[in-house]
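Chain lettering (A, B, C and D) follows the sequence in which the chains are written, and residue indices restart at 1 in each chain.
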Amino acid sequence: MTTYIGLIPAIPFLGFLILGLYGQKMHGKIAGYIGTGAVGISAFLTFMVAARYLNGLPEIKSYTVTLWQWISAGNLNVNISFSLDALSLIFIFVITFVGFLIHMYSIEFMAGDERFSKFFAYMNLFVGSMLVLVLANNMLVLYMGWEGVGLCSYLLIGFWYKEPENGYAARKAFIFTRVGDTAMILGIFLLFLNFGTLNIHQIMQQAPEKWMTGSAIATVTAALLLGGALGKSAQLPLQSWLPDAMAGPSPVSALIHAATMVTAGVYLIARTHILFALAPVVQTAVAVIGAATLLIAGFSALAQHDIKRILAYSTISQIGYMFLALGVGAWSAAVFHFMIHAFFKALLFLGAGAIILALDEEHDIFKMGGLRKKMPVIFITYLVASASLAALPLVTAGFYSKDQILWYSFSSQSGGLWLWIAGIFGAFLTALYSFRMVFITFYGEAKTEPSMKVGKLILIPLVVLAVLSVLGGLVELPQAWGNFRPFSNLLHNVLPATTIHKKEGLEVVFELISATIVLIGVYLAYLFYIKKPWLVKSYEHSRLNEFFYRGWDFDKVYDVLLVKPIVWLAEIDEKDFFNWFNTGVSKVALFGNRVLSLTQNGKLRWYLMSFAIGIALILTYMIYR
Amino acid sequence: MILIDLIIVLLIGAILAWITGKWNSVLPRIISLAALVVDLFLIIPEVVGAATNQTKWLVDIDLSWIPAFGINLHLALDGLSLMMLLLTFFMGIVSVIISWKEINKRVGFFHFNLLMTLTGVVGVFLSLDLFLFYFFWELMLVPLYFMIGIWGHKNSTAVAYKFFLYTQAGGLLMLISILALYFIHGQTTGVYTFDYLQLIGTKMPASVAFLLMLGFLAAFLVKLPMIPLHTWLTEVYSEAPTAVLLSALLLKTGAYGLFRFVVPLFPFAARSFAPVGMVLGVIAILYGAKLAFAQTDLKRLIAYISVSHVGFILLGIFAFNEIAYQGVVMQMLTQGISTGALLIMAEQLSERLHTRDINQMGGLWEKVPIMGTIGLIFTMASLGLPGFGNFIAELLVLLGVFKTNVTAAVLASLGLVAAAIYSLRILQKVFYGRKSKNWEIHDLSIREKLVAGSMIIIIVGMGLFPKPVLNIAKPVVLKSLNTQNDSAFLKSQESKTKVMAENTCFLKPLNR
Amino acid sequence: MLTVPLKILLLFAGTLFLLGLAGLLVRRNIIFMLMSIEIMLNSAGLVFIAAGRHWGQPDGQVMFIFILAVAAVEVSIGLALILQVYHHYKTLDVDAISKLRDHN
Amino acid sequence: MTETDFLSLTPLLIITIAPVVIMLIISIYRKYEIIFGFSLVSLLTAFVSLFIVQPLLPHRIDHLMVFDLYSLFFLGIIFFSAFLIMLLSHDYFKHLEGFREEYFIILFTATLGASLLAVANHFIIFFLGFELLSISLYILIAFQKKKDYPLEAGIKYLILASVSSAFLLFGMALIYTALGTMGFQGIADAISKMGVASPILVIGFGMMMVGIGFKLALAPFHMWTSDVYQGAPAPVSGYIATVSKGGVMAVFIRFFFDIKGFSNQDFFIVISAIAIFSMFVGNLLAIRQQNLKRLLGYSSIANMGYLIIILLIGNNDGARAAIFYMLSYFVTVIGAFGVISLLSTKNREAEKIEDFKGLFWKRPWIAIVLTLSLLSLAGIPLTAGFIAKFYVIFEGVKSGLMLLVFSMIINSVIGLYYYIRVIAVMFSTGEETTKLPSLSIIGNVALTMISISILILGVYPGWLIDMIMKLVAL
């Protein structure tokens, strides 16, 4: 068991090493098969581990494997060790399984790229790092994975490096997340100083004993960790890197910027939920940030033209839901939504990628249209995913996960009406923009002809993910419906159940409300984008929409507040102010030299004069002291 | 005797290289490589000892040199010096290999200077006699001066002056402090000696100790270099030939000096200097980062990166705890390698492109993917990505500092963000983007790959398995922290000391 | 016999010395400069003699004889050099002989 | 005169007789090599005789002279330096036209003058040595009387040295007037008995300072230095920089220590001021100097500035440091001038720094010697100058002369700049411009001796310092 846990991240790393060192020499798609195979083995191992884990329940709730001692300095002892519990099990399942599908997809998607093997190397490195992140049983090891995925994100966003914009997007992503990471490492320091260990399990055990609920130290620590989570998960105010990150290839967007890495923040908060519970202020902030983010991103998604940017904003918005759930203490609901979101969002990105590939790098949905008949499989899967995203009642997995969040946002201890209103309005927006996307892309008249047919390696992952997007929700049904909840039961080994402060029966009512609203949203999308497009013509061109389009001008604010001053500061002093010291000293010396040199004029009588003056000075001093 | 052998091997190698250089240009290279490899193998056995022996000096030689002044040829090896020596020899070998083809005029004399510089460096790392230390400290300057001046780029002569003058000025101030310490010790105990071990714990009034410490700091902070004494470094980096990545090594002598001499000799003064030291460290980190971001000359940029990194060393040293000190030791090693590697890359680029201006580069990944990958790896290392040794170093330093001074740690951690900004700028400008010109350049040769590969292995190795290093450093770290604890008892006696020292009258007033 | 007080002699010698110095600074002809030096040397001799008498010792006069001898040697060498200078420069103006100098 | 008097005078007698014999030889058979050989042997004999004399010490000859280990050491330094200079002169004067054998005669008389200064214990000997040295130097400087530079240098030195002698004499006369004695001991006793110094005495000491300051080239009496160094033949410049200064320094230290000048606050401050002023003036003047001889002249101003710090230390340690410093400084400077004289040809002096461009690649051996010398002047380890400077700073710190030590350090850095500037030129890649003369065996021997001395003093100075410490006491 423990060997397998170690092997799960190790195999993708091995794949990375092989591809990194020898990839250049591999012909054809071999590199792709190796990369996919590595993740596939990991996925297989994950299934085995999962089976054993479930078998071992409820006696053994977590397994730990220590590989080697990493750091030992003073009282800081850090081991490279992994531990597997229900939470990380779900994450590694999503990472390896969805990762495997996306790798498979990439073999075809990236075929012919001159850096084919590099791509798979980076992807394998990513999967490995992500697995380290979620398996880590130590904050520092977690941080290692955390930064590792950041690196891969950077590399993959800038994968097509020849376009400078891609490079800039990659840099932006890295720096934004780095800001969060720095807050996080400070939080880790605080943990270490207070608990003398970085072992997550021990910290979580000691925290409630050592720290009072709402104490300053707990609040600061939780806030710092939250900083890391905000950066990685693209939440307010560090969200604006994610839309730009779409510069990467579509599988990258699917894997990193939809399914896995961006949800690392969710994982972190869930993992350290005890700290957040000790800091109610911060926890509330998580909920508020989540709610605000989901709305802001929802509006922006509605304004985009680029299919991938729509999905990017949608991702931000959906992670906003997860944060909302975390903020109200609905830990398992957040994780549930994470999983379902991974399925349908990965599917959306992969579908979008397939479309873009077929249409020769066309990103603008208004230049697509009518693709329904030309790419039926893609259409159906895309439709399924969008429905799931929009949380179409009953038939989609998204409905189950999102409605659980909406319900808890109202009913849980720290939930409330306003959070729920934000959530429900967000749901409306989600329905609207996701079906806007579907209708514009697949209906109407065809504006661009697909230049190629996509192959099986692309279609298989789409279908598998589509199935999951529909059926995935069945692992967790609303309480009112017979209380079939294996998912949260599993998670309750790690995460506490959500306490509900409202009447249980209300849930059905709320579900009806949200279902209605979603349906209204879908209908309005149909109305606006198929039936009567003129209705929204004026809005589409309004300043407000432009504002949403630009992502609420966050970039502009950062530009004015941070980028410009820094660049200015750099430019005014490029030559290094401290050089005055050198130039000053040498000027003084040269001046002295010139002056003294004048006295050395070769004139004998002048020299005699200096004798006379010298003796005069000496005698004057000695006599009239 | 092994320690003397180390020095003698280098000296003989130096002379042989020079002599043979008259007839053949390959022989000197082989000779200096051989000398370094021999030295490396000579000390490798000590590594085993270092891992087990936790208290004493591993090797200790004490011979009389100038008895009239109490000057001895006292060389000793402990974990810290052992690691610094390993780094020295490794970097020495790297620079010989790197300069194998690049240096093709006056090869013999070049290698003479290279080995002489290394002799000085090795001497500095081994000396336990302050005079001897100063001797080696000064000794390494001249050959280095020649290397910069003769084999450097356009302005190298002027740069070499600057370097020489700066370090010399610092060194002379240190000399005064050494002498003053010698006399104070002599006057209070009657034993006139330059021996480091005996001078530790010399009793003196706090104000005097502070002044003397400033003298030492002058030498070490120039070498580090600390802002505002850093300007020589940027120019040396930009003008010196590749092999003067040795200069990256020289910086370590400054850090080593702080570690070995300032803290143990002046425990209280160092403590009272700590706030200033920390401020300087933070300034170095941030100001260095800021300037690195502003540069367009690749090598100057790297120089400022190194200024920024050195801030961590300074910060860590004045944190006075074990974690930070371990971090400092790590930082000394890893920064040497990562900055060295970046410098090598920069030199390889500028040699191929005939420009160092990053605005003229761009899109080079396509042409030189291997170099790009290596550049990427070391950029990531230098921005402190986990998995590389630099991360461990910066983490430990920050953590240690965090323990003692939260503000400094928080400000310094801004350096991590800044590091991301300037480091990625290198990648963006050099390797990413469109090709600015149709460069016709070749990728790394096998020789260059070998060097880069070994450096990658070491830096990753230190990132993933830093424990051997930390273990070897541990006794040293504890030792230098213990002198501070010992001095807790001194403090109680300080009032007594003060009277005594005033009687002995260190600074004779002009009462004639 | 009239005795001149030491003070007067010292003042006289001092004046001579200053005159010699002034002559050196004012005159440009090397021969005159040489003469001024002679005056300075002799003023020193005068002090020696005066002091010797004051202390009733022969030392002062012994010293004076030395001074005379030395001055003679100096002048002879000086004149030899002046001769060469005149051959070479065709002038005795000391300011003209200033090729050795810092060149700015 | 007793037998011991004579015996202890042996070294001086040898170098007194030598020039007479040379004159005789010249009149019989004028042959350069023979004269040269004889001179060398005489000087060597004189040097060796120092060891014979040593057991007789200390010995005084009336009030006039004193033979103790201090003076013996100085005599040794003077003879050794003169010996080296003689070796280096061989090639230089061999090429000259006309009579050149007389050079050695004058060299002996000059050395005799310096030696007299080293043993002087009385104003008469002081003055005699001083003048003997000066007058010999006039001739040496203007030895090539047909050339304009040496002539000009000769005239300048003649006038200025005479003036300084006049000052010295006048000062001596005033002191004699005030105290009624001319022996150093007598003066010291008289001063210690006297309560307040009379103005005459003060003026006397002040005027003596001019004389001594001139000879040591201390600011503000320094201006002749580089003109004369430039004009004189290179070996003679070396001689002025070393032997002449050595003699004057010897007597100055003895006199100053005898009268306990360092404990007089006036002297202390005046000499400190002169020292600091000399260091700065010398070093600043040298910064941009393009002529190596002038540069060495300026550097000697600064070096004498460092050296008189020792005067203020005022104890045996100071005297010992002075001896060590002078020895290493002399060897070093002779090395530098030696290189110049060996590279000079009949018609031109190799004095421009550009003349040395790329020297290292053309004539590595000679360039190494010059490099060693310059590094030693700069005080870089492995060379004598390092230990010497260390020694001076050592004693300075010990006596708490912090201001002086700090200005010495600042100046060391400035000095470093121009020394390495020359080195840089030697190591730069120059095109073949000037044709360099080839070295004779004698020149090579001299250079080897010099470099070995520099290195020995730099690497293993322990034995010498021990010896100095054991033997020398004032």
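The rule we apply is simple: contacts are C-beta pairs under 8 Å (C-beta built on N, C-alpha and C of every residue); 3 or more make two chains touch, one makes a residue touch a chain.
Here the structure is a predicted model, which means the values were calculated and not measured.
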| request: Return the chain label for which the distance between chain Cα mean and whole-protein Cα mean is smallest. | output: B
| Taking each chain's centre as the mean of its Cα atoms, which chain lies farthest from subunit D? | A
| field | Separation of mean Cα positions, subunit B and subunit A [Å, integer] | value | 39
| If you average the CA atoms of subunit A and of subunit D, how many Å lie between those two points? | 79
| query | So what's the Cα centroid distance for subunit A and subunit C, whole Å? | reply | 97
| note | Where subunit A touches two or more other chains at once, the residues are 597, 600, 602, 604, 608
| said: Could you pull out the residues of subunit D that touch at least 2 other chains? | reply: 155-156, 159, 163, 167, 226-227, 285
| task | At least two other chains touched by the same residue of subunit C: list those residues. | result | 21, 24, 94, 97-102
| Looking only at which chains touch which, which shape fits best: line, ring, star, complete or other? | other
| remark: Chains touch one another in the pairs A-B, A-C, A-D, B-D, C-D
| task | Spell out the residues on subunit C that touch subunit A in their complex, using ranges where they run on. | result | 21, 24-25, 28, 94-95, 97-102, 104
| query | Which bits of subunit A are touching subunit B when the two form their complex? | reply | 20, 24, 68-76, 80, 140, 143-144, 147-148, 151, 154-155, 158, 161-164, 166-168, 170-171, 174-175, 178-179, 181-182, 185-186, 189, 192-193, 566, 569-571, 573-574, 576, 578-579, 581-582
| Residues of subunit B that touch subunit A when the two form their complex | 162, 227-231, 234, 290-291, 293-296, 321-323, 326-327, 362-363, 365-366, 369, 373, 376, 380, 385-387, 391-392, 395-396, 398-400, 402-403, 409-410, 413-414, 416-417, 420-421, 424-425, 427-428, 431-435, 464-467, 470-471, 474
| remark: Touching subunit D in the complex, subunit C uses residues 6, 10, 13, 17, 20-21, 24, 30, 33-34, 37, 40-41, 43-45, 47-48, 50-52, 54-55, 57, 59-60, 62-63, 66-67, 70, 73-74, 77-78, 81-82, 84-85, 88-89, 94, 97-103
| said: Quick check on the complex: what are the subunit A residues that touch subunit D? | reply: 589-590, 592-593, 596-597, 599-600, 602, 604, 606-608, 610-611, 613-615, 617-619, 621-623, 625
